[in-house]
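Here subunit A shows up in two complexes: once beside subunit B, once beside subunit C.
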Partner chain A sequence: MALPQSAYKDREFLAVIGDEHVTDPPSSQKNYLVVDAKTELATIEGAFESFTRGRRDIAIVLINQHIADKIRPKVDGYAEAFPAVLEIPSKDHPYDPERDSVMKRVRKLFGE
Partner chain B sequence: MATISSLTPLPKPEDAGEVMAELTTLHDQLDSLWERYLAHLDEYQEAQKQIQKQLSSGFFSLAQANFKSRDRGRYGQDYYDGRTKASRRCGIRHNDDASATLGVEIVTVVVDEQGSTTKGTKGENDEKTEPRQQPSPPSTPAPDDHAQRPVKSDAPTANKQNEPAPPPQVSSGPPRDPLHWFGILVPRELRSAQSSFSCALAGPLLDAVNAGRALRGVEAEIRRVRKAVRRMEKAAGS
Partner chain C sequence: MSGAGDREPVFPTRQSLGAMKSKLKGAQTGHDLLKRKSEALTKRFRDITRRIDDAKRKMGRVMQIAAFSLAEVTYAVGNNTIAYQITESVRQAKFRVRTRQENVSGVFLPQFESWQKEDVGSDFGMTGLGKGGQQVAKCRETYTRAVETLIELASLQTAFVVLDEVIKVVNRRVNAMYARPAPLSSTRFYANGNGCSEHVIIPRTENTIKYINSELDEMDREEFFRLKKVKGVKERAAATEEEEKKKNARRTSDKENERQEVNGGGEGGGNVLGDEGDEDDLDAFEAEGFVSQFFLRAKDRWDQEPERLLRRFKAGSGNGEAPWKRFMSGVGVKRFVGFA
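Showing the complex of A and B:
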């Protein structure tokens, strides 16, 4: 399905939701969220909503997989074309294809 | 009471033939869609493997850098400079088949003849050169290698060939390297970590993002064709 150029012409930044080792350099309007043990679920959800639906300048959202697990329903339910959401491993949590939302969709398609 | 003549007539032989031909075409379409889907799946899985490899290498180098500089403190968010601006931007290219591919470009800071600073990336439209963020006040001079490094894109952008020739401008290189947050002389391991993370961003991360998007697109087509096949099979069966 062809998207109009207006849907993505302003999207040029990466956003990151991750632990301390993953976050990108900050910008004037923060495009990252550092998550630690004290970060509340609502904060993570709010950041995800902001990066995916609130802002028009984000093209890619990178999120550590173990943090995506905390907001799994939101990540799995995300179906927009832009920004693209990608689950990445972190220092202490390697990538697990069983939990990746992309691979879940693949298994669902094969399973039908 | 319904009579045989009032019931829906059975499909004539030529209609049944058309239905079968249609079904065969749909099955062929489905097969080629599955082929594409599996190719994109393979790309995605391969990209995720490379991401794991690159990021692991980066984390390991970071751990080594932290180990070597125990007196100084950890290389972490405590040293982040809040004024830093993006040194990489995403470019979205519109393909011939109406899909979009994401790429990442290195940002340059361009000083025009009036001395005002604007940011741009190679190959973008003029309207995109308006500053979206205030430039960082220069605190240390940019290293010479940054000024002399040629501006290059990791992926081509849309409308590159349709751009008018830009006015003469002086390029002062990309934004300040985040490594300088930690001082001028940083350990080799920290540079290596930055290199690993940058390579991951420019390569496998983008490949994974594009493959994931392609998977979604092909998945939608597969569902559509499957639905058509079921409808056709139902019509042929009745």
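Showing the complex of A and C:
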């Protein structure tokens, strides 16, 4: 029932996948990925995978919403509690709750 | 009636009936408790969902403010590579999160807490000394607040996901109490992969109780019937015995009559050997009975009144009959032809 504490005991970092305006202090092993117009989809997906499933020390993954849109299937398919995947707006793209995967799940639940 | 006739394989005894009844009671109590738990969790769930909704919108605004302040910094510093410089100069994470467990209706929900690692200095302390130091400081503050909001939001979101899963499990169990459950270890061997709801364990137990009751009633009826039969047989046996006794009593009185006859002479009188009549088909048993009884009576008579009998024997009868025939009055001679 629920998650054992060991699942998230060691997670303490925030990871970021965003464009250059969103920054967080990085660690020795980079917990961020700067995405610009030239970044490939595969790179983004790889970073997402490694932050969510690969690394055991990430507690929260922040991702710009417009980038999340690019890898929407992967983000929607992600349904685990840890690490928490949070979609944040960026400078040029304000926050839109309609596209947020968590909000979609919420609406689906209450739509029943 | 789905599930009718579907019951547990038990022997129909009173003990198993008692066990089934307490099982049913336990199942009903458990079901109620689970329902209540499910309701509490759902309430909490909705609460969290609403808060997530609010927090996300707030976050949108906060991020926007933070972006503005970054823009201000860039403007103040004069070049647009400030962000890049910061990224490059920082080596270690200062801002970190801790997880805490919170107990909500028996479910442990994780909560994130931000903390700052003390010995990690702000490596970009040199930045902005040239220009715009104040903006940099302000920007940092804004971003710190933004991150805190984000962490709060992440806590809510995680709680949401965990609760979602837990509620599904609890509802499955609630429904499993009464219905065909989804495969879950908690419902043990009743799982059969179908949808859920309130129709497995309790109807099964009820069916089992009905079955046991009907079997016990059946056994009682059989027992009752058996007793009656036995009683009937016993009564008949008792009646037969009574008959036998009466017959014996009559034979004894016949014997008395015989004695009187012998003394008084003359033929007739009762039969020596009782009331069997002149049946020609006697079986071996009955014939033997005749013979032995005749012997006994003759012997008695001989013992008791030897003189008299001898006299009579010698005297013979007047009509030319063989003298020994006088001892056998009323009995067919042909039966005793074999001895004399």
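Convention: the second predicted complex is superposed on the first by the 111 of 112 C-alpha atoms of A that agree within 3 Å, B and C clash if a C-alpha of one lies under 4 Å from a C-alpha of the other, contacts with A are read in each partner's own complex, and residues count from 1 in each chain.
Assume a contact is a pair of C-beta atoms (placed from the backbone, for glycine too) under 8 Å apart; a residue touches a chain by one contact, two chains touch by 3 or more.
Note that this is a predicted model, so its numbers are computed, not measured.
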Should the superposition on subunit A be reported as showing a clash between subunit B and subunit C, or a fit?
clash
So, A:Leu62: does it touch subunit B (first), subunit C (second), both, or neither?
both
Mind working out whether A:Leu86 is in touch with subunit B, subunit C, both or neither, as first, second, both or neither?
both
Following superposition on chain A, which residues of subunit A contact subunit B and also contact subunit C?
1-3, 5, 8-9, 11-14, 20-21, 23-28, 31, 34, 59-60, 62, 79, 81-82, 84, 86, 88-89, 91, 94-95, 97, 100, 102, 105-106, 109
Subunit B residues touching subunit A in their complex are 37, 41, 44-45, 48, 51-52, 55-56, 59, 62, 76-77, 80-82, 84-92, 94, 98, 100, 102, 104, 132-134, 158, 178, 201, 205, 208-209, 212-213, 215-217, 219-220, 222-223, 226
Residue positions on subunit C within touch of subunit A in the complex are 49, 52-53, 56-57, 59-60, 63-64, 67, 70-71, 83-84, 86-87, 90-99, 101, 106-110, 112, 120, 147, 150-151, 153-155, 157-158, 160-162, 164-166, 169
Given the complex, residues on subunit A that touch subunit C span 1-3, 5, 8-9, 11-14, 20-21, 23-28, 31-32, 34, 59-60, 62, 79-82, 84-86, 88-91, 94-95, 97, 100, 102-103, 105-106, 109-110
Any idea which subunit A residues touch subunit B in the complex?
1-3, 5, 8-9, 11-14, 20-21, 23-28, 31, 34, 57, 59-60, 62, 79, 81-82, 84, 86, 88-89, 91, 94-95, 97, 100, 102, 105-106, 109, 112
